[in-house]
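One chain, subunit A, links the two complexes that follow: it is found with subunit B in the first and with subunit C in the second.
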Partner chain A sequence: MLLFITKRFGLMLLTMLIVSLLLFVLLELQPGSVATKVLGLYSSEEHRTLWLEANGYLDPLWTRYLSWLGGMLTGDFGESIRFKTPVADVLWPRLWNTAILAFWTFAILVPLSLTLGVLAGMREGSALDRAISITSIITTSVPEFASAVFLSAIFVFSLGLLPGTSGMTDGFDPLQLFLPVMVLILYDVGYVTRMTRASMAEVMTTPYIRTAVLKGLPFKRVVFRHALRNALIAPFTVIMLQVNWLLSGVIVVEFFFAYKGFGSLLLEASLNQDIFLIEACTMVAVFVAVTTQTLADIGYTYLNPRIRLA
Partner chain B sequence: MTHDEKKTHPQIPELVNQLKKGEIDRRQFVQSAAVLGVSAASAYAMVGAMPRDAFAQGTPKFGGNLRVSMNVKEVSDPAIFDWGEKGNVARHVIEPLVQIDKNNVAQPHLAESWDVSDDLKTWTFNLRKGVKWSNGDEFGSDDVIANFERWLDPATGSSNQGRFSSMTETMETGEKDENGKPKMTTKMASGALERVDAHTVRFHLNRPDLSLPESMADYPALIAHRDFNGGDWSKNPVGTGAFELDRFGVGEVAVLKKRNAPHWNGDVYLDQITYVDNGDDPAAEIAAFASGQVDTNYQTSVEQVPTMRGLPNIEVMQAVTAQAGVARMKVTEAPFDNLKLRQAIQACLDRPRILEVVYGGFGAVGDDYHVAPVHPEHAVLPPLKQDYAKAKRLLAEAGHPNGLKLRIDCVANPTWEQNTCKAIAEMVKPAGIDLEINIMPGGTYWDRWLSTPFGFTSWTHRALGVQVLNLAYRSGVAWNETSYNNPEFDKLLDEAGGLADVNERRKVMAKVQKVLQDDAVIAQTFWRSVFVARNTRVKNIYAQVAFEHHYNKAWLA
Partner chain C sequence: MSSQDTSSSIGSSAAAQALLRGLRSLALLRESKIAIAGIALVGFWIVVALLAPLVAPFPPNAQIQPFAAPLSAAPDGGIFLLGTDQLGRDILSRVMWGARTVLFFAPLATLSAYVVGIVMGLAAGYFGGLVDDVLSRISDIILSFPVLVLYILIIATIGASGINIIIAVTFASAPGVMRIVRGLVLDLRTRNYVAAAQTRGESPWYIMLIEILPNARGPLIVDGCLRIGYVIITIGVLGFLGLGLPPPDPDWGGMINEARALALAFPHMTVIPCIAISTLVLGFNLLADGIREVSLHD
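Coming up: the complex of A and B.
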């Protein structure tokens, strides 16, 4: 197990190293273009040369890469072109905002979808199963930008119950979280529900469950004591992957509701070619992706001993 | 206003005369008189009418927070502002010498009055006395001089270099470039700015320049404290304005709080102005209006007008402007270096149709000379007509008898810009021109707007027709995006800028406009109206032609 974990972490670091190398090659290989992005297209040649010299861009490539990597590791991402502040100053607050969004999404999404999935999967083909499955398919197939408009039309324009944007200009306002969280849940709940349902349904057809039912155990007991633990292994992995989805998938929702999170930051950075910010956002996104993947793998192995032998 | 009793400009009686004879209308009279140092109130008094009373909206109430939906952009250096939004945040803290009001008239602001010599080359500005900076210093000539020196220093890179080109001279630096040609630099001419006393400055221009007061009203001409010399203004925003910058985050929010000191212009009603950045999704802004999170905005696009009007308590205000988008061709880049090709494109366009299709008819038709009907000196030229036979002939003469492929860069938002490009693309198709539209984010376009061979650039409103021509089409100025270089045009433009008499000026402008139109460096197909939304509880704000926010007298019911 320890060897497995070590291997997974090694792989994770390797992935990140490769991504960082790619990122560096893509964005920083030509010092001239970096200087142009930072100083503007109409900066003078002399100004650019001075800047390159002052910022170590005339050093050999490897030296530059290593110092760049060192900066990344210590949280020194450089200065944002658009925000005119150190990248870290905008990155961490924005990431925190998205974490708040993600927390509330998960706090509702996970219990809701697991319950619905288990309810649907424990009696495959029942009326309840059909109802849950059909609803899930419908909500999942409505993209976020459509459900955002739809929910706004109801709660903002018709009923006037909720604020239409979530900029949190006057400090944290829980009311402003309702709509973005609702949209995210609506989009994702069907997917996780259906995964849980599939897993649950599969477990319910296994011989040991049939034995349990046939030996006369109450159905409730069969579900809670015997089926549930095995049925939740697959959804666990799926849910871990949703963390990753949330980080990039929130772009649409954050844009629509003017929520100042990581997704909208990534969008702004890309649209404005703010290269140090793009680099930092990408590294954070990759870090979250490989970390959740690794945690999912380790958790899965822990929950399902059969995998460990493989 | 006391300064009006002093000597009036010799052109004033002539203007009054022309008004009586009906050669100019009242608006044109007030505009021209204001340029010559007569306050709008006095000018209106001369013609025996007051403007529609802007204050007839009940008794102003003190207090409240005006929430404005607008992109919050960095404001590190006012001298190099390139967006109206930047000006709006800063304008409530640092103020201009002159301000353009809702009637498109130049009003004294930090300058109390000005006199101009008969040849329009010597301008004396009397600065307001008793104005205090927020750090306690007294505002005066030294502040104005320090700002002009910074603006006209080539190292600053300010667009004011073009705006105040009548104060600069171009000379050799003494260095040579790779080709052995001497390197040139443009800087303030010696003796261009004279300090008369602590509250009087005198400008000695090297050519007559009528638009000097209007130039001082543009957003990069806000007067910063004399000690500001680069660095980040938002970190230490010393100002003379009624508000101070309390909180500032690019892309998020700018909070302006009323200063705890009297303002030179009397009562200020709002306690706070909050600029909220709702990103670039118009749906977000509309939702913010619908749920009462914002009270007004920077701009409502023409597409959103019907939706906004449908919201309860929201009113859409309109301003007729000299704002326009130009499909501009860089004359130094093939194939646009060919005059016949440019004229062929010009001949393909049905301008009234473009205005109707793209902008719902809100505006006026443009004819490729970038002087608007709302400008006092606008000369009416025969309208350009769509003529495919002529276009094909010109294309053949340009060496493209079988047509050619072209590509135009334009921004994704606002959508009327790309829609205009699409309309142009459809109209050039029958002549054999296959126009590809390269839509890109604003940030990307504005990185290359000066260098792309063919691009669609939107220009903001300016009070006088000569102003935008000076900024964008005079040879060698910073914002000359077409690289247009026509000495005849420059000469005529100088001549027009030297004429105070609006009728005389209009005669020269007819020539200026014709030269620019014939050279076909731009396809400027229409002038658009602009819209600003407001909640009806906001009183005494208006849609200003250049999207400027003047909130010193705004109040909330």
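Coming up: the complex of A and C.
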């Protein structure tokens, strides 16, 4: 087990390293274009050369990559062109805002989708199962921007109950979190529910559950004491991997509701060619994604005794 | 010469048989209400896309009268059934023409991702060893990106255009297809008919494409329907973020992006294209579910 964990973390570091190299080559292969992005299209040739010299861009690619990597590891991401401040000063507060969004999304998403999935999967083919399954297909078919439009039209335009933007300009307002969180949940809940349902339905057909039912145990007891334990192994992985999807959803939702989070920062950086900000944001996004994938793998192996012993 | 003739006639009869089998499995779909609903939704939008030039009430880019409400009369005859946008373009006509855009780019991008993904998956699964290691590592790295981050990076680097969207979708989706194909090939390559073909001395690519691939079609068709739906969402999201097809040609995501600032005053401008994209994606998802359901019954 320990060897497996070490291996998985090694693989994770390797992936991060390769991603960082690709990103660096993609964005900083030509020092000239970096200087143009930093100093603007109308900067003079002389000015750019001076800047390149001052910032070590005349060194060979490998030296530059290594010093860039060192900066990344120590949290020195360079200076944002658009915000005129160190990238770290913009990045961390924005990341915190997104963490708040993600926390509430997961706090509601996980219990909701597990309950629905177990209810649907415990009696496969029942009316409740059909209703839950069809509803999940519908909610996963509506893209985040579309459900944001629909929910805004209902709650903001027609009913006037909720604020239409979530800029949090007058301090933190929980009411402004409502719509973004709801949109993120709506898109993800169907998928996690379906996965939980499939896992539950599969467990319910196993011989040991049939034995438990046939020997006269109450159905509730069979579900709670016997089926759930095994049925929840697969959804664990699915939920961990939702973090990767959530990172995509967060970009759309934050852009739509003007929420000052990590997703809108990444989009803004890309649209403005804010090169050091793009690099930092991408590395953070990939780090979060790869870490959750690794934890999902390790957790799955730990939870499933058949794999653990092998 | 004569041997060529027989082989081509064998080929055509095999094709006819495959067509017959395809039609028979299509007929099976009648048994699934979900599949019928899916076919109806997708069919509706295909018909709309095909007929758009004939039935759209106004030219999609004509700027007639801004901010007209749904069902209001146009200045020189006709009715804006679904209203107009901030530039005075008829929304119904734009949604109809937008169906053409999305039903052209989404299947094309999905197909391109499939061609690349299938070739990679066949090679990884069939040859194994170093080929498998290299291809699997590459796709692991691509799949480790949050997918929208990858799209934004690619489009922001190479620019927004139809062909670049196809490139980005191929790059981001091919690894997923590859994983599925690879898994199927690992199972199928142990079959007797593969061993028979190897003994006959057929080339590896003949075996992969003629012997293995047709037998992997079931799961690939289901995945393809889901993936087209997802690519439609992706194209919509890119348009919505302002990274999609350049204006003024109608594109559902782009329509939402352009009207976004006015959405709270004129919700019809954004709600209508959102309904369009959601129903089309729903159609493909229902179809995928129906096909899976029917194939499990066999």
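Structure notes:
Everything below uses one rule, namely that the second predicted complex is superposed on the first by the 307 of 310 C-alpha atoms of A that agree within 3 Å, B and C clash if a C-alpha of one lies under 4 Å from a C-alpha of the other, contacts with A are read in each partner's own complex, and residues count from 1 in each chain.
Just so we're on the same page, a residue touches a chain if its C-beta (ideal position, glycine included) is under 8 Å from a C-beta of that chain, and two chains touch if they have at least 3 such contacts.
Since the structure is predicted, the reported quantities are computational estimates derived from the model, not experimental observations.
By the touch criterion defined above, A:Met204 reaches neither subunit B nor subunit C.
When the two complexes are overlaid on their common chain A, residue A:Gly164 makes contact with subunit B and with subunit C alike. When the two structures are aligned on the shared chain, A:Met195 is found in touch with neither subunit B nor subunit C.
Once the two complexes are overlaid on the shared chain, A:Leu184 sits clear of subunit B and of subunit C alike.
Counted by residues of subunit A touched, the larger count belongs to C, out of subunit B and subunit C. By the touch criterion defined above, A:Leu26 lies against subunit C but remains apart from subunit B after alignment on the C-alpha atoms of chain A.
Of the two partner chains, neither subunit B nor subunit C is touched by A:Leu101. By the touch criterion defined above, A:Leu277 reaches neither subunit B nor subunit C. Once the two complexes are laid over each other on the shared chain, residue contacts for A:Ser152 go to subunit B and to subunit C alike. By the touch criterion stated above, A:Ile137 is placed in contact with subunit C alone, subunit B being left untouched. Shared contact residues of subunit A with subunit B and subunit C: 149, 152, 156-157, 164, 255-256, 271, 273. Touching subunit C in their complex are the following residues of subunit A: 15, 18-19, 22, 26, 134, 137-138, 140-146, 149-150, 152-153, 156-157, 164, 244-245, 247-249, 251-252, 255-256, 266-267, 270-271, 273, 278, 282, 285-286, 288-290, 293.
Against subunit A, in their complex, subunit C makes its touches with residues 34, 140-141, 144-149, 152-153, 156-157, 229, 233, 236-237, 240-243, 253, 256, 260, 263-264, 267, 270-271, 274-275, 277-278, 281-282, 285-286, 289.
On the subunit B side of its complex with subunit A, the touching residues are 67, 74, 76, 157, 232, 250-253, 274, 276-281, 283-291, 293, 441-444, 447-448, 450-451. Taken in their complex, subunit A has these residues touching subunit B: 40-42, 82-85, 149, 152, 156-157, 160, 162-165, 167, 169-170, 255-258, 260, 264, 268, 271-273.
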